[in-house]
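Here it is: the structure, laid out below.
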Amino acid sequence: MLELRLVQGSLLKKVLEAIRELVTDANFDCSGTGFSLQAMDSSHVALVALLLRSEGFEHYRCDRNLSMGMNLNNVSKMLRCAGNDDIVTIKADDGSDTVTFMFESPSQWNLSHSVFFFFFFNLWCLCVEWETKIFKNNFWLGQDKIADFEMKLMDIDSEHLGIPEAEYHAIVRMPSSEFARICKDLSSIGDTVVISVTKEGVKFSTKGDIGTANIVCRQNTTVDKPEEATIIEMKEPVTLTFALRYMNSFTKATPLSSTVSLSLSSELPIVVEYKIAEMGYIRFYLAPKIEDEEEEVKPQV
Amino acid sequence: MLELRLVQGSLLKKVLEAIRELVTDANFDCSGTGFSLQAMDSSHVALVALLLRSEGFEHYRCDRNLSMGMNLNNVSKMLRCAGNDDIVTIKADDGSDTVTFMFESPSQWNLSHSVFFFFFFNLWCLCVEWETKIFKNNFWLGQDKIADFEMKLMDIDSEHLGIPEAEYHAIVRMPSSEFARICKDLSSIGDTVVISVTKEGVKFSTKGDIGTANIVCRQNTTVDKPEEATIIEMKEPVTLTFALRYMNSFTKATPLSSTVSLSLSSELPIVVEYKIAEMGYIRFYLAPKIEDEEEEVKPQV
Amino acid sequence: MLELRLVQGSLLKKVLEAIRELVTDANFDCSGTGFSLQAMDSSHVALVALLLRSEGFEHYRCDRNLSMGMNLNNVSKMLRCAGNDDIVTIKADDGSDTVTFMFESPSQWNLSHSVFFFFFFNLWCLCVEWETKIFKNNFWLGQDKIADFEMKLMDIDSEHLGIPEAEYHAIVRMPSSEFARICKDLSSIGDTVVISVTKEGVKFSTKGDIGTANIVCRQNTTVDKPEEATIIEMKEPVTLTFALRYMNSFTKATPLSSTVSLSLSSELPIVVEYKIAEMGYIRFYLAPKIEDEEEEVKPQV
């Protein structure tokens, strides 16, 4: 039996929007550790890895490891029916071929009263070990509107790739909105982006029929808000070329985090990582393009 | 001679947007009582009934009953030319084959000054019975911009159905935005909605290729704002099935009212009613679907 | 060598959006006076004239007159990559076949500190005549993000029309948003607009299959804000007919100015002018339509 209760249900909606463009069908893996997904995109070029740790859920019960194959467009259709303040519960019985998404939207009245109620009730629950049963029946929170969506599961063949920990030549941390803006801007000029990292900054370049573009972001740690900083950790300078189409797909995860980190090494796929606050991450892996013309665009940050 | 002056002109725009999707051509009927419309949708499945009582107009003159056939898309085109703060006047001469929509947008200056002016002027008008002539000439309000749109009328055959007052098994009053959201959400899963009313609440269910969905709204009167309440008046439980396509069309009337009422009886069409503040209502009638599979979805609120 | 630095870079974006619908390729002419453009639309019916005077730029260097042919859609693609607060610099070397657009987005930190810095630095620059070199190297403002876009220039044949100063029968000054709204509203009814100016006001009329429309704007100078005034300078009444399609294209310049002026004479093209604050203007010229039916629509403001 699986039962995962997530208070900020909107987070699940954002996760789905982040990967839906890249991946059509995928297995969601549940274990005692957390809720995770690993999938290649349909052209087998990019890899997505998602982890939501069990500690991030308000309630997390997973009696035995479970792999649930879902069509992400269908999951997205169902999650779009959840309000942004809704509490989302994912349920599946062992051996069942369906998964249930339950959305609870507490009314204003209930919300204000249930804060105290919830606190003392939980204390009491811990004593009498009633919690699971109570959560299941939902009598303790007087929701005005409860929606449950039952979806058929699919059988999806997939092999789980072991991704080794690697040392990267350079890691760039920057505002995620800035990175999304750069990828969008460059793709109006060209198809690929050359990312060059030096100590001073990171340069994103492209070339197309109508001309060339270079965008330089300098290392900048003296900002009022830490999420606005651009921080470069570099062992050696690195210059790599990537398809902008995939970069633009990755930036669909921007609403999940205010910062993004790019890990680059000359012989490894780039890792574009968005942290999911206190719960985990979503990571995109993409192999660099090997191009002869790459040398023409000289790094000159 | 017909002359109807409506201060909140945006209301007319909303009325048109509410029925335009369902009905293409329709007769607007004017009498001493008010301005009304009754029309079937093009597939003769749903019925719309609109009433704007004469008391709701700032000025209402209708010398004799008049039925004006209009293409609602054309009316909508003209009304979209009215600003949201515009005062709208509808004019037609007896026997004329045209109707005129006049939009007045008082300037900021005029608006602030004319409040006092309007009050005393009207008092005086009442004494000397000059009102009509003055309104007609519009010299009393120094509008900066006056627009008039003249539209040709059409001959439309239509029979006016007498809708008998009926007793309903259950009447559900709920926030109109909530109802609109539910119809929209369910139509991403299935084509029909099963509405089941019990004392505890109302359940909206659907079934489609990707799964099933159930949304339960509980009776809830302890809310801060009366328009957020969900109130169920029930004589006996009732379960009926409707096409979601029509329900979604009806919810185009949501901007007209913060609440909607659903009147259900096992042998009558559902009535979906939006009250129009202090003026009247817009009512949609839709016959239930008779389905064998209906029994499969058991009501279990 | 050409180097133009414009602090409000968003202004250039607005200029491009204003003319892009009308003109595909055009020569931008740079001289000591300013940055200008004159172009006919593709059907050779309307003329656009743009002037940005050199005084409006923070830094303006143009060693010799230069005419740069550009595809406006490509320029627009590049300018859309500039943030709304970005400083835009246009650079071209003499004899070069490319132009470079540089966008600098000062960070919040830099922005707040550089206000003082900028003031005293400029004073000092004036003394030592270092300004150009410093601006060129950009070391004085610690931008976090600098983007440069290089675009190939095109050879475009064009003859520069001398537009003689003319006396107009009537000049109407009105809020640009009002004018845009009127053109948009009328084009949902008909294809042409008849503009009639009398001392009392200006009337915009149209006629189409579904009916007729008249919008009258009265002379109105007693407004709180000068940009809301409608001012009519008239030597003699004038009634002229124009294609609404072009008028609607002209109103794409609405974001550039809160007012628009229409200059009308019975034997001259209308001039629709949007002033660009303290820098220049954008003017659209359109010949009136000679129509027999014109007389049917009588001016009756």
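For the reader, a short list of remarks on this structure follows.
Here the chain labels run A, B and C in written order, and each chain numbers its own residues starting at 1.
We take it that a contact is a pair of C-beta atoms (placed from the backbone, for glycine too) under 8 Å apart; a residue touches a chain by one contact, two chains touch by 3 or more.
All figures in this text were calculated on a predicted structure; none of them were measured in a lab.
Interface residue usage between chain B and chain C, two copies of one sequence, is largely distinct: under half of the residue numbers at the contact are used by both copies. Seen as a C-alpha superposition, chain A sits on chain C after a turn of 120°, to the nearest 5. Remark: chain B and chain C have CA centroids separated by 43 Å (rounded to whole angstrom). The set of chain A residues that touch two or more partner chains is empty.
Against chain A, the residues of chain B that register as touching in their complex are 178, 181, 185-186, 188-189, 210-218, 220, 222-224, 228, 230. Looking at the complex, you find that chain C touches chain A at residues 71, 74, 77-78, 80-81, 83, 98, 107-109, 142-152.
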